[in-house]
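Think of it as A, B, C and D in the order they're written, each chain with its own count starting at 1.
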């Protein structure tokens, strides 16, 4: 018999209860348990960063955390970044404006990582941004649009 | 006011969806009754399969079935077809969907488990008992052709897949009259795909309904449909292949894989939808990579550095099977004169089997290798003759007055390689200016005084883009006024939707937001070719533009009748046809569409075909040749061998730019891929054919922290080969990058006389060269 | 890449955790999970039981005892970097932690997890070696202290009994004016270091009075360069002395693998020892 | 990969040869190994345990003496096993050759070892895997000496050159019974030691 647990997790402000197999990663649970497929599994060994979500406000790899470990915690995924009315997060706007995405697969992890990073480092240098996203691999953009977007969003967010 | 989109930096139509987590990649798709699959893969590089026992796996709770080659039955027992037959292929080796009795690389598919979940399917893999008889494996292409070398296939006559040659001009004369002949040997290694989304497949078979449907993370859905139909012996009409959002392709997703057949068969035989998502460890061993080429070249030149001829040989690693014909060795040879007017070339390729995953094109295919080779020889001439590398290039470029310039080489389709347009020297000057090349020596001296080693490297390239035959587009105005645009070309992030919407919007006088774009679904458009070789802009671009133009003409013609005005007085703006000077006289495109698709018993206006629709297959009449010059500035730390890329400057010419923002993104992304090739990415096998770099801590993809800011400037020399004057831009950043980086490293370490003979250049290797150079200098 | 099925346990106290360890033979302890989870996903590690420490009370947080830091084993690397006492008293720790993975992994990764995983290239073992940290393990019979020098048993195997749990790490302070240098070489930011060097110096009146040099990545355990340390004490903190230390580093025994030769590791050790010492000397108040 | 080891047994070749062919007797000399079944005249089933850092492996498989050359006192053993959790396999052809050496017996062991699957696919530990494989052979050799009952065995000169354990300063006292149950820790410690001594 599979080892399972009942968990209660708040995702993007909504509370969910579920019975999960204990070996299931948080990322797989979000994607296949809750249907929140915006979080992407890119390497499942914690290097590519595509699966990054915020747990209790901190950016973490959802492939390196079990769903059962999120019990009682608050998770924010890429689906939770924009306002309820559809207004994009400043980072999303900036990614759009600066061509910070091509295939879009790494984008959710980039956004969640940078949202947490900019909260703690509201006025970063380019170097700091590059190091902040060094745990997020993008094969398409060469990172430049992402870096520009992050720096621009930081300005916007400071102004607001 | 007519809105101009062509040439504007329009923000992408794709992005709001992708930015909010609403992309739809294969693994995001789910359907009732869907089961999940996992493949058992060969753990040995070469072995006979004596027996397979799946009974323990099948007994596991949650496992539905386990298939081996035999379980597919007689009807499905044949090898995959050669998609690109060529006379050069002396031994045609293709895979079975599941290995029959021999495995020829680590990762080859041996069995497939279908279970309630992927996790359970993986549990079952460990319970399949395969009795292998290990056979000797061949891994190193340098020794693979020697007598007595192990054979990659038990029934092969040798490890030679085939030989080919690019030969033109009077090579004997060139070397006979040369003042100097210099030679160099080097290895080029290019890594794998490593799209952030791995491959993935869902198959559903509904024999009494929709037929066989395959959702796959691929670049060429039509090629897959054809290959499936051929292999199954069934009609293409009964097979639908869809590439939904694809998380990067870069070449290896352009082919047809055994898993795509196997999952279709499994779904068919089990009468239920089945999903297989490649995991990252599988990606390393089951998605084709590019890997090794050894080059030995001789260059003949005058004392002034004018290059007269180039000759030599390449040993090209093919891997175990041939999924792409000879595409890769061919595209390594094709660019061989590079941006230069070299009268005589004679370079051969030995294509060699190894017991490793098959080779495939990776961003740029063989072009980065061919260009690297030419640029290395330019660098060699520069060093030997003491002429500035930029100056050697100036003395050798094909000049604008030589265009169209026929190199003598042959393109993949058999056409002659002709450089259509461009000013290579002017482009170089732009790159030099952008990089502050002329003041580099001062920067270098200042840094040297601080104990730092800076170097600069230049590289130029040409790129044959936009290969044919076509990539058609249909534009149809709906009754709502929305415009349906359909094409076959799949996008893996290149922004096709935006680019095509811009072209249609510009012609049709509609807003890009009103364009409903669909692509890469074989049920939506009759035929497409594929997103490879920087070909989409130069093929879909003209067809979309032309189709929209035809729709516009049709709309205006009908509107002229309806509004009783002269066509010349009509204009379309925001989906409404108006008569100039009579603003109240108007009709919407939607109303015109209704007239052309009337309800029952009504008539289509006389002289018109039904539907406000047009399809075009307009493309490029040859391969538009894009070009670029790059300058890399690096710092090398002799203490560690670390190379930092400080600056990177690109001057690029891809003809007319439809959306410069997208072109910029393609160039920068391409450069970083090229820097990855030059410095980081290496897929390593041990001598038994076991892959060693099997995770992203060991296979090193370029990260933001090590990548430089890339400065890009453009020239726009319109291509005469298509209606828009566009050339491809997807690979132009990658192609020249390794040569520029390697030249810059050598320049930085000039005092140690460092000559680099392979890439990716790793720091250990550099310190060995530095220490050797220092020791020699001390003697 | 899904883990094998296992039974999940989430003890609330160290005693419960130890009891579970004693009870279950094939159990893995899950701390921050940034090393174990990849190995579970890849099925390199295939345990029957996983014992999650994230709910265990009393084994996280930093205490400044006045002469040392006492760090709970489950203290996240992020919290260590942000802790005021850590920043003030052992500034080399936050500096070195910048090199540990990426900020997302440091949000989960723990000091205890890293010390138990004991990757040869890991920064925290290298630091603990330099500090002669003391590790406290809880077992069925209570706690015992293990000097870091005795901690690594073999390749990625610490000297922990199968029913013992690392709960606390004690890091004795160096003088308030000590200098520190942490230098490592990895191919990319956050990668496994080929070589990492931690150097601590106390300088009094223009003379080195105390020195510690630890080299990570060369061997399965961090190496203390005691010969160089001894030579430095009493010497002036100058280039000549540091070059001599570098030459000693060049002679270390270093391992090789598919990517990096032993000779290159030795060369790197020489380069980085010198650089770490220069950095440490610049930061030591007594140097000027 | 090929591994070459040799050692001296201070016994005459006839005695050593007999012991070598008595597999149930020598099987426990293989560190972590357990003989579970005799399935043929020269064919056996068994398990072997190994721990590589956090990775604990259990190989189960077969060993067979494939050639016995009485005249030259040479035997070949083919052993292969699969990790019980599907992480790979090990396959070894081991040639033992005995020669008289001043009244004692010199045993040369040539091992052709192939590892497959995920255990073979980790480049950072590749040097280590080599060292471990060598260590297994060396431990086997040491245990064999114990089993033969000669405690005064000394490494041959060639062994010193080839065998990582030869320079081990303080090997744990060889105890065949205990070695059967070790998890590989001591073995690893010695493998590491051998590696850092630069023997691999």
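As a convention for this text, contacts are C-beta pairs under 8 Å (C-beta built on N, C-alpha and C of every residue); 3 or more make two chains touch, one makes a residue touch a chain.
The model shown is predicted, which means the values in this text are computed figures rather than measured ones.
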item: Chain pair, most C-beta pairs within the contact cut-off; value: A-B
item: CA centroid of subunit A to CA centroid of subunit C, Å; value: 29
item: Gap in Å, rounded to a whole number, between the CA centres of subunit D and subunit B; value: 49
item: Contacts with 2+ other chains: residues of subunit D; value: 85-86, 118, 123-124, 126
item: Residues of subunit C whose C-beta touches two or more other chains; value: 1-5, 38, 42-43, 188-190, 192, 258-259
item: Per-residue multi-chain contacts in subunit A, two or more chains; value: 21, 23-24, 44-45, 131, 134, 136
item: Chains touching one another, given as label pairs in label order; value: A-B, A-C, B-C, B-D, C-D
item: Subunit B contact footprint on subunit D (complex, rising order); value: 1, 85-86, 88-89, 91, 114-118, 120-124, 126
item: Touching residues (chain side subunit C, partner subunit D) in the complex; value: 4, 26, 28, 36, 39, 42-46, 117-118, 153-157, 192, 219-220, 253-259, 262
item: In the complex with subunit A, residue positions of subunit B that touch it; value: 11-12, 14-16, 18-25, 27-28, 30, 119, 194-198, 245-248, 250, 279-280, 492-495, 661-662, 664-665, 668-673, 695-697, 701-705, 707, 709-710, 733
item: Complex contact set, residues of subunit C against subunit A; value: 1-8, 10, 30, 33-34, 37-38, 40-42, 50, 52, 54, 78, 101-105, 107-108, 188-190
item: Subunit A to subunit C touching residues, read off their complex; value: 2-3, 5, 21-25, 28, 44-46, 49, 52, 58-61, 63-66, 68-69, 113, 117, 131-132, 134-136
